Structure formats: structure tokens, C-alpha cells
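The chains carry the letters A, B and C, assigned in the order they are written, with residues numbered from 1 in each.
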Amino acid sequence: METPIIEMKNIQKHFGSVIALSGVSLSVYPGECHCLLGDNGAGKSTFIKTMSGVHQATSGEIFFEGKPMSFSRPREAITAGIATVYQDLAMIPLMSVTRNFFMGNEPTKKVAGISFFDHKKAADITMAEMKEMGINLRSPDQAVGTLSGGERQTVAIARAVHFGAKVLILDEPTSALGVRQTANVLATIEKVRKQGIGVVFITHNVNHAMVVGDRFTVLNRGKTLGTAKRGEIEADELQNLMAGGQELAKLEIR
Amino acid sequence: MKLSKLFKSTALALTMAVPFAMVTTTAHADGERYVLVSHAPDSDSWWNTVKNGIKLAGKQMDVKVEYRNPPTGDLADMARIIEQATASKPDGIITTLADFDVLSGPIRSAVDQGINVIIMNSGTPEQTREVGALMFVGQPEYDAGFAAGQRAKGDGVKSFVCVNHVISNTVVAERCRGFADALGIDLGKSMLDSGEDPGEIKNRVLAYLAANPKTDAILTLGPTSADPTIAALKENGMAGDIYFGTFDLGTEIVKAIKEDIIKWGIDQQPFLQAYLPVVILTNYDRYGVLPGNNINSGPGFVTKEALGLVEKYAGEFR
Amino acid sequence: MSQTQTAATPDERVKTRSSFHQLLIRPELGGICGVIIVFAFFMLTAMDSGMFSLSGVMNWSVVSSQFIIIAVGACLLMIAGEFDLSVGSMIGFAGMSIALLSVTFGLPVWSAIILTFILCMLIGGLNGWLVIKTGLPSFIVTLALLFILRGLTIFGAITATNKTIVGGVRDVAQGDWLAPIFGGKVFTGAFQWMADQGWIDTFSRGVKKGQPIVEGIPMLMVWALGLVIFGHYLLTKTKFGNWIFAAGGDAQAARYVGVPVNRVKIAMFMFTAFCACVFATAQVMEFGSAGADRGVLKEFEAIISVVIGGALLTGGYGSVIGAALGAIIFGVVQQGLFFAGVESSLFRVFLGVILLLAVILNTYIRRKITGEK
């Protein structure tokens, strides 16, 4: 069995007296789409923020490519290859697609000893990557505000992939989208997965999860209710687990 | 799109309205053209008398006189206005010399370009000579303050507070210095920086008098500080009791003199400061005649006994 | 569910736009239109008033340059998502600092200037640090600084000299090496030559008789041009410029992708302070004195210029060129109304109308760009 890219073992996170996570474990293999399901307030956000270095776990272990690792800030996680795409914070609408795409990772060229933003290179890469993802831009200067919600998510995903993400965490990418846009985003996830990138797909929509998921982990009130493989579990069961977890025993067999 | 419609119609309305507005304002009088530049911010109502003075003089002499001032009272902006007045090639410029460092350059440049300049209101005869202006029409501020101080000393005043609403104008502050020197006391703690807002001035005066109840006299430097001070005295019951003198006149000041709240007002007669330069410049341009000396437009002490005409024209010509 | 939609087919709902339209929807459009309208207007109404004589042009150019200097700083800061209301007070403070250090305390002028720049940029940095640390709107934090700096300026001047206007800077600046960088003039030889050829007006009397009325290009204008070029390149052509847009567009999103938002914002506060300091130094060197009330309301003049120039008050969008055009409109209108013989109190009316028109036009353009409804 190959090593998971990232493995979170028994993660606990306390905020003062509030226990947000009490022992959650999750692993992601290359080319796998791992769906993290849970109702609002289940601890999904806290968990992925721990994974992406925004929060530090109170206890528990994180293994990255088999080695123990702890991230003290997001930048470290990004450098290691853990990219996160947040639902409503993915893109800046007023800025062009190109500027968004390279935000924080601007290509530069030196002119007379001063380094400048290499607009041509950035524009070319952006156009090519967008085409790859199935989005036809009018021009690389087109503002992100003119894109649909699904397209914005896609740009954000493409950006993460381009900058060498090994694990891609998607925070509710489909929750605010219409049917067709959701389909586009799910298609994008599929594409990314095939490139050998591990995807953590956070959602509370079981139907979306069933389309692309290889494994499913359900969170409820800061606890994991176990992980199931594709084909081992039905949509209704997942739905029930998210709602209350009455069928915990049945799942723990795995 | 709704907004684009709005935009188009506003733009259309503006382009149509603007030429009409212009026709009325660009019609020049046939005679000479003069520009009066003051240092006063838009909020200073005292300068209305000056505006009326140039209006009347312009009418009588059949010349065009324009009034300009820096909207916020920033003297650096005033320097630009003088430069700009010079560039518009008027027959003469009448300006105050509120800060010699800032204004002397632009004024001298105007003089050197062949424009006649008369200094009014602020400045000294020496500075007037130095920038090459024809003459100075105004009130020697230190002397006026000193005269007022002597008068107050004769009335038994030993301490005072100077309510200064134009702390940045060094020339006006000379009035307080003259007053203090005549009383023989140190100005330092007697100077109250009141700001220009009537509410603030009133409250600062109240606070000062509460903290220094032994203050004998109040000296205000113009209607801007006098009017709120009157209100403050009426509020704390010191009206008529405390010795109160003021520079310059205005409707409220005249009323307060009548009510025995203000002992005297020192009139520097701004009307003359505006009216005379226009008349002098016009006659100089037309016939080459020029008075041989500077003109002191003040100080004239206005007391309750001599209020008749003053009351009638207060805020307009007085 | 269709997972086969991979081919990049053009969306039939997205209209292709002509390159003319592309040209139209730029942040600077409002500024360009405004400049054309304003100049056409004054050409018609004030052509023979001296406004377009050499000294007239110099007059409104200098005023516009002053606005440009503070507008560039305000523009970059506004794009980075913050305001600085303490610019006007900073101008008064910086001027007074130079005058006090050099005249009253006897430091060489160059060191007074350098110390003042350092001090101002530290205060700018403090502005930024306070905004970041407290999380309060910069509007409030810098409003506090507006009062603090103005009060300190008056207090310092009164305590040290008993006056609120400190003069004599010109005398101590004689022969200083740094002072001419702010208060000097360039191309004086060329102007003298043009005067000798009889192409431009000369003084007709006094000690300067025969010298040109316009002696040269004031350094103020050189600074304005330099700052515009610097600001424009920084914003559009560098990595840091992209961070400025990102910090103002959505600070959180920018942080998530690793943009050092706090550093960017603090740097922009410092740059704004730097611009205010340039303004103040040039003013003090030109007029030879510093007044405690210098620069009152200049922060709004800067912000108005920036807004006329197409920047968005909420940040993330704007252009330095636009801000410069806005400053030119502001300066030309302010000085031009006089040449046109309009009553000076109407200046504010015109300014208000222009501001309103500019904001309406810019909002319209921005919606076109971003496709907002």
C-alpha cells in the first residue's frame, strides 16, 4: 500500500473550553478524492484549517508524505503543497483573471536590474491553463467579476494545481452554485484527481459527494463517524450519518 | 442600464447649462480691471464689508474689481492666487500681506511685471516698501493694540485674555501683544487659541473664565471671536460686568456695545481699506496721481455714544 | 450529470467586444473625459484671460502638481483598501518640523529634511500599524492622527517660538545641497534663452528686469511627474503592485494565497506620508516659512482627485494615471474659474458637480468591467 500524501491522526482542537475537534483522523492518497461530509457546525472548517496551517492542533499527529510535520502558518502548508480553495474567498472580483491567478506567486523578469511583473508570461500561462480547464477567456485581462461562481472556483483550483499542489482542499465549492455550474466544478475535480493530486472535498451535499468521491468521512459534533469506501455505502446512509450518526456501529466495521 | 441613462442626461444637462452660466459672469466692465486678494477663509464674514467696499468703488469709478481668497485660509494657496492674478494681467492688485515670507515673492513678481500693487489690511509700511507696492492702507496693528491697552489701563484693567480665532495670523496677534505691552504684563498665558467654530469659541471662553475667575478684561479680535464670546458672557452672567473690548465691528458687536456688554470696539474701517485702494489705483492709472503716504484706516474707537451711523451700516459698510 | 463538457466551447452568452469598447472601459476613462471637457470649457471661456499664457499655464500646472503629489500616495493607499485622513495635518507637521529643526534648532537644512522624512514615514507606519493591530477602520484611526498631528504642530510651534508661522527657512537653506531638490527650478538656462530670443515674457522693471517671468520648471512638477511614473509602474508592472490590488480587493483572500497584506498596507501608509512630506518640503523651500495651519483639508483634495480619477473608495481598483488626471482636473478647475471670471465661491459648486459626475461615470465603467449588475 502506498503512503498517503497527508495523514491526520487523532486530531484534537480546543478553543479555550470549547472542544471543536475530539480525535479526528483522515488520510488522503494521491489521485484520490476524499469527501469530508458534515452538517454546519460539525467541525469541518476547523479541521481543514488545521490541515492548512491556519490553526495548530491541540493534540494529534500530522504525517506529510510519511514524515511527521506540523505547520505553524498557512504559508508553510502552501509551500509543502497543501492548497486550500475557500468557497467565497477564492478570487478577487475586481482584479483580472491573470492577476488573480498569480496573486502571491507573481512571475518576474529583470529589466535594468529592477524586477517587474512579467505580464506576458502570466497572461500566456493563464490563458493556457484556463483553456485546459474548459474556460474560454475573452482576454487575460478579463475581470474575475465577469465569471460565474463555478468558473471562479475552477480558476482557483487551476491556480492551486499550477502552483504545485499535492493536496487540494476544497471548502464547499459547490454550495452556492446552480446545477450546471456544479457539474462544471465536479468535472474539474475529476480532472485534477486524474493528475494524481489528492483532493479533500468538503460538502454537506451527499449527491455531490457521491459523484466524485472515492472515500467518505463524516464529521458530527467534532467527532469522526468513520470512513467508508465508494460502493460500501449508500447516499441515504451518509445522509443519516450527517444528521445524527445513529448508525455509527454499523459503519465502524469498515 | 439605468445608470447610463442617468449619466447621459446629467452630462447633457450640464453641457447645456454651463454656457448660460458663463455669459453672465464673463461680461467685463469697460474700465480697468483690479483684483483684491485676501487671506480670509470663506467662513470669515467680516470680509463682507470689504466686498461691499470694492463693489461700491467699482461702480463709482466704472472699473471691474474681483475678490479672491483661499477657501480654507491656507496662505500657501493665497500665494498661488496672487501668481494667478498676475498671470491674468490686471491693471492692479490689492492684497493683504498676512505672511511676508510666503507672499512677498509672488507680490514682488507682480510688481516687477509692471502691475501696480497696494497692500491693505495686513502688513507693515516697511514690508510694503520692501515688496515694491505703491502704499499701505490699513491699521498699524501693534499701535492699535497698544492704544487700546492704554485705554484699558486707564480704566483700571490689570489682566486680560485675548481670544484669538486666527492663531496662525502673526499680524493679528500683534494686537494682543500691543495690548499686553500697554498693560505691562506678559502675553504668554493671556493668549487663548479659540479656533474658528462659534460653538468651540464659546465653550473655550467659558472654560477659560471658569479656570481664571480673576480675569479683568476680554479682548476679542473680530466678530468671529466676539459674537460667541458675547453669548458666553450672557450665559455665565458676566455680561456687563467684565471689561470687554473688541477689534472690528459687526451687527452683534454693535448691539452688545448698545447693551453695555462691550465697552468699545476698535474700528479699522475695512470699508476704507477696500474702497480707497480701488479709487487710488484708478486715479493713478488714469491721471498718474498718487497720495504721498500710507493711509491709516484705523484705529477708530467706537463707544456707545457714537453709534448712530455705525448701527445703521454695521456689517455692510462698517 | 455531464462530466464530458471538457471542450472549450465559447459561451454563446458572452458577447465579443470591439477593441474600441475595450479601450473605453479603463479606470482612467473618467479622468480623460474630464480633462478634455475641462480644457475645452476653459479654452472657450478663458482663452484670452492669460490662463494659457506661459505664466498662466505654469500657475495651474504647479497647483495641479501639488495635488498630484498627494494624490499618488492617496491613490495607492486607497487601492490597498485604506484611507489616510491625516495627510493635511502631516503636511503642516512636516513643514513645521523642517522649519523648527533648521531655523530654531540650527540643524543643517539637509539633515532637517531627512530627519523629517524619517519622522513622517514612522508616523505613517504607526498609522498603518494601528489600523492593522486594532482592526478599526483606517477612517477613524487616521482621523485621530489628523487632530493629534495638527495639535502637535501648533503646540510645537508655540512652545519653541511663540509663533505659529516660522520663517527664515530660505535664509538657512542658502547653499544647502538638498533644499534645491525640493524648492529649486530646472531648465532655467533654457527659459533664459527663450527670453533672450523674445519668445517668452520678461520682467519689465525691478532687479529682475530682462529675466523671464517663468524662470524654469519648479522641482514640484518634477516630483509630481516622478511620483506618477513610480506609482504607475509600481502598481501595474511589479509583483508588489499586484499585492496592492489584492490587499485592497479582498484582504482575506489575499492572505490565503500568501500575500503579506499587513506589510503591503503599512508600506502604503508610509508611502502616503512620504508624499505628504514631499509636498510640505517643496512648499517650505519655495515660500521660506512653515505655518501651523498649512495643508488644512488637503486630505480631502487628495481623496477627491483619486476618486475623480476612477479609484474605488472600497479599495482594490484604481489607477495612478487616473488619480493624476483627477488632480489635473482639480487644479485646472480651481485656478481656471478665476481666469474665467467666475465668482470664487462657485468653485465648490463646480467641484461638487465634477465629483458627482466622475463618480457616476466611474461606477458605470466599473460595472461594465466587472459585469456587476
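Keep in mind that, in the parts below, a contact is a pair of C-beta atoms (placed from the backbone, for glycine too) under 8 Å apart; a residue touches a chain by one contact, two chains touch by 3 or more.
All of these numbers come straight from a predicted model, not from anything done at the bench.
Visitor: Can you figure out the chain closest to the middle, judged by Cα centres?
Guide: Chain nearest the overall C-alpha centroid, as shown: C.
Visitor: With chain centres defined as mean CA positions, report which chain is farthest from subunit B.
Guide: The most distant chain relative to subunit B turns out to be A.
Visitor: Would you mind pulling out the distance in Å between where the CA atoms of subunit A average out and where those of subunit C do?
Guide: Distance between chain centres, rounded to whole Å: 43 Å.
Visitor: So how far apart, in whole Å, are subunit B and subunit C when each is placed at the average of its C-alpha atoms?
Guide: Whole-Å distance between the two chain centres: 32.
Visitor: From the C-alpha centre of subunit A to that of subunit B, how far is it in Å?
Guide: Comparing mean C-alpha positions, subunit B is 70 Å from subunit A.
Visitor: Multi-chain contacts in subunit A: which residues touch at least two other chains?
Guide: Nothing qualifies.
Visitor: Pull out every residue in subunit B that's touching 2 or more other chains.
Guide: There are none in subunit B.
Visitor: So in the complex, which bits of subunit C are touching subunit A?
Guide: Result: residues 1-11, 14, 16-17, 22, 233, 236-239, 241-243, 245-246, 249-250, 252-259, 312, 316-317, 366, 369-372 of subunit C touch subunit A.
Visitor: Quick one: in the complex, what on subunit B touches subunit C?
Guide: So the residues of subunit B touching subunit C come out as 1, 3-4, 6-7, 10-11, 14, 18-19, 22, 25-26, 28, 42, 66-69, 71-76, 79-81, 83-89, 99-102, 105, 108-109, 111-114, 132, 167-168, 170, 173, 188, 193.
Visitor: Applying the document's contact rule, which stretches of subunit A touch subunit C when the two form their complex?
Guide: 74-75, 78, 84, 86, 89-95, 99, 102-106, 108, 115-117, 119, 131, 134-136, 138-139, 143, 145-146, 159, 183-184, 186-187, 190-191, 211
Visitor: Give every residue of subunit C touching subunit B within the complex, in rising order.
Guide: Result: residues 41, 44-46, 49-51, 53, 55-56, 58-60, 62-63, 154, 158, 162-165, 167-170, 201, 203-209, 213, 283, 286-289, 291-297, 335, 338-345, 347-348, 353, 356-357, 360-361, 363-364, 367 of subunit C touch subunit B.
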